């Protein structure tokens, strides 16, 4: 297969609610894929399939297969923790640990059994820089991450995901709590990262999707309405719904 | 016919009788209360088990009518009764035989003299008398393990007094328990064990234990209904008591209850595993009581 | 072995340790209950439940004991649960964090360690004598209530602490008063942990013997309590009494009585467990 | 109007909280009034330094140390049984076990706290001790080890249930964050969940500890009643609680020096737990992690 | 005074950190005031002063006065709960109660002692409609609000604040988790609301600030750099910093 990630005949249920309906999609390596669509359409649900994060929701049920590098990640033999080391995630609501900023970012390294302090320090610093937070916190890395502003918390979470250098990064509205400058930095970061990583990002910001994503998928009420190169989606969408949504003429 | 007459009188009685005190005496009093209900169903007799000391404390404050006691009242307790204008009467109601017990596998002990018991249990024995061989020539050179009731019990007090002497006490390095089952278990599983506790517990666990005769100078005597009751098994049988207060004079139902107690104790006591007094002794207690309520 | 493999190995080992630990608990429980049921189950019949105590083991029943226990549990529950929860709420939601709080906090866990018999001595002085309640169900219940208060208070506090403060912020933000916030949002969200405390506390109260004996609970009482001011006995006293009789038949009675005691506790706990499951299901932060 | 209502409610709540203070005052009063008389007759120095406790024997010694050592010994054994088992169960139930299993196991284990302690006492004496004696032949028939182990079993639910509650109250988002980094359940439990729930877990341990310290029947039956200054778990010991219950329900005359010893012992236990609680409070304050 | 809300000589500390520095501002009635500035500059802190929400943070300390309708709301005699009934708030992180959607929205009415079921129903419905959520949830108002998507949760919180009809509404990035359509709806709502209400809104979205706010305040590192009519701020800012920030040429 030519895709890094692939979703085949995906149906997702939360109890009786069908949250995703027969989704088929292939995600290209070293590219940014944006997921857009109205709130509640299933973007987060879809994104969280790739690191099996939905497994913890009781009512969750999945039909279909998800492949990463041609392996079905819902196969019994798959090691979920290895999978997740490879697939980093930034969540929709900032969720820093009730620990210091440093410990938050170093967490992923520690659980991999890395003890080299100097190495950890460098990684933490790099990650915080990439997440555009270093300048603000460098003097007080021991401060509790919970005593940060909303946007700062989100950037801690981004740094935390970057520190372990996964090969795939899932981002659920990573910049929604950020100001334009921080947003611009993160966007720049994403563009740098895609040279080495495969990135899937959920965003509500059409401009952002336009700016950074190579491919864009438009979801609507659990259906994948359209999926294509971002240029095509934004300039020449096949479906009327997509056009309406993108131009804001919707609903 | 006089009996049925009595019953008729009693059934007309009503009121509350509160009894508290020793848990050793409790089974006897419970048995009496149970039977008394048949003749006087409207009298509400209740029995607590807060210990002889706790019982006397309530008794001396006038909170109970009758106190169960496994030892005679002490001076201080008597004084509080006086202070609170409570006159009282001590009545013996039964004997509690103390059995000296060894493990069935123990084949060297045939009997023990009071002196030997004293040698074993005396406070001076602590750290000194450790082996069976020290007690009598020819007994094995093995550690002796002792079991007995807790020091806060009337049973212990009594044993210490008659074996080691007044105000002497016993050695402290023995396994004590308030629960005689525990002692049974202790001796039953220990070949070199020796213990003493209520005779009834031996009776119920005969197959696990071996009874030791006690020689007080006039030959070895094994405890039994007869030997205890006739006081030939001495000195290890002790009387247990109830104490009645003024209400026995003033209240018909209390008076009736105690008379009933003394009249019927003989059968009931045996029922619950204690040993009754002799008929004369009961007669004497009844007289004492009649004197008191005059 | 890579670190990942090590971690996974540790993880699955721990899982088995967990299963093992649960099994230990359950097996021991099975042994206890199995033993008791084996000894006592056949002894339970209608007349055992409806007879008065007796010197004859085969005639003896536990009517007064189980009805006394029921009275005591219910009254203890009625007294201790509201007081315990409300004290917990006060300490966690209302009280400013200062030295006094600290003292209170230490004091309460201290109370949890006071031997039950001391509570008995306290109850005897305060409820039986000073308050003139006599050796009544009420005096016994008050005594046990004091005994289990610390458990409920401490569990309540912890459960309240675990409620995210964003919930309080949301409620306050709508103009809810402190009490409204507590009552409508925080307490329901904390109900699971609170009920666990209640379960453990009630379990403790049901099984207590010594303090009630001191307070003056009886061993022989030929009538069931008709009201909170009546005298009473409870199952643990009856059990204790029977256990310390020499005759083996009483041991069987005791086993049968224990089954009934466990049944009472289980019913009380069952109600609490039902609500705990029901309320906790909804809350999954 | 609302304001008055709030004030009244706060007043009531405060009043209920003050009940605990009143209880403490009551307990201190009960203990102190008698033990003051006691300490008039027995020097407090002897009380704290004498190594023998024989107030009911003819040769009286009033050294509380043997009772304290017995109490500490049994409590420590109990905690070393219940803490690892209880905590493991709590983690297993909150992180590993299927929800249905948890719903079923948790209340079952809670019955362990409801079994009358007399039953436990005999279990320790009749089952656990003989079993252990097969492994350790020199073990005495009465010992703190069996009593402590069985007491530990009894308090398992205090730790397992209360800690489990604390763990499941940690916001899901934290767990997700950790899983999302590729942490195993074990790593998530120990690195994220336990620290976040530490306050509740420590409290559960304190309650269990208190329960063990205050427990009477098990030790009275299975640990023997020999006050002995030792930390050897294989020999008979007596705890403060066992002593108190033995005397207060025994035949000893109230209003006597012998009887007053229970109040002196009681107040010692009170002070002892007070110190322990202060230490644990301090630890808790140090390790507390806030989350939201 | 001519202002609905007024902040005078405000300093805010979190422990040693000075989060706001000598802020003076007056907020006009029946207008939308936008607060902008980089993440961590003190916007949320400032916003939360108006309903005394910072009071619950242990390390928080305030100097200066805040007036609403010429009353100093930090005065001892002020009833904080009455104040908050009048000053509604939508928080930065969605924080629905662990209850059903309906109960979430009805809560504010319930605590005011309103029992009229029919009335509550209408209000809940209206509020959900205003928050652009009604269509998605109308069939399942009994569903737990925690089982909603991130954006849906935020709209529940908006509906909850609207249901009690406060006279002042504080919104901390209310639309950051929303898709463009929902955002547009909420923006429209804000514009309708301002006819009756006074609104303060924190936003990272310059376009949004430009679209909806009448006045804009620009914060930077705890200082109020500039405050003026939105037109002026966006077209003719006095300070260079402001201009740089708005045009994204910053940092």
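The first chain written gets the first letter, and so on, giving A, B, C, D and E; residue counts start at 1 in each chain.
In this section, contacts are C-beta pairs under 8 Å (C-beta built on N, C-alpha and C of every residue); 3 or more make two chains touch, one makes a residue touch a chain.
Quick caveat, the model's predicted, so the values are computed rather than measured.
With steps allowed only between chains in touch, the distance from chain C over to chain D comes to 1.
Chain pair with the larger contact count among B-C and B-D is B-D, by C-beta pairs in contact. Separating the centre of chain A from that of chain B, both taken as means of CA atoms, is a distance of 82 Å. Centre-to-centre, using mean CA coordinates, chain C is 47 Å away from chain E. Among the residues of chain D, those touching two or more other chains are numbered 2, 122, 171-173, 184, 187, 248-249, 291-292. With touch defined as above, residues shared between interfaces to two or more other chains in chain C number as follows: 7-8, 11, 164-166, 177, 213-214, 243, 284-285.
Multi-chain contact residues of chain E (touching two or more other chains) are listed as 81, 93. In the complex of the two chains, the chain E residues touching chain A come out as 14, 36-40, 44, 92-94, 136, 147-152, 155, 172-173, 176-185, 204, 206, 245, 248, 250-251. The part of chain C that touches chain B in the complex is made up of residues 52-56, 135, 213-214, 216-223, 231, 237, 241, 243-248. Considering their complex, residues 7-8, 10-11, 14-15, 17-19, 21-22, 24-26, 28-29, 32-33, 36, 82-84, 86-87, 89-91, 94-95, 102, 104-122, 125-126, 146, 149-151, 153-155, 157-159, 161-166, 177-179, 192-193, 196-197, 199-200, 203-204, 206-207, 209-210, 213-214, 236, 239-240, 243, 258, 261-262, 265-266, 269-270, 273, 277, 280, 284-285 of chain C touch chain D. Against chain C, in their complex, chain A makes its touches with residues 79, 81-82, 85, 111-114. Chain D makes touch with chain B in their complex at residues 52, 54, 56-59, 122, 125-126, 130, 140-142, 220-221, 224-227, 236, 246-256, 258-259.
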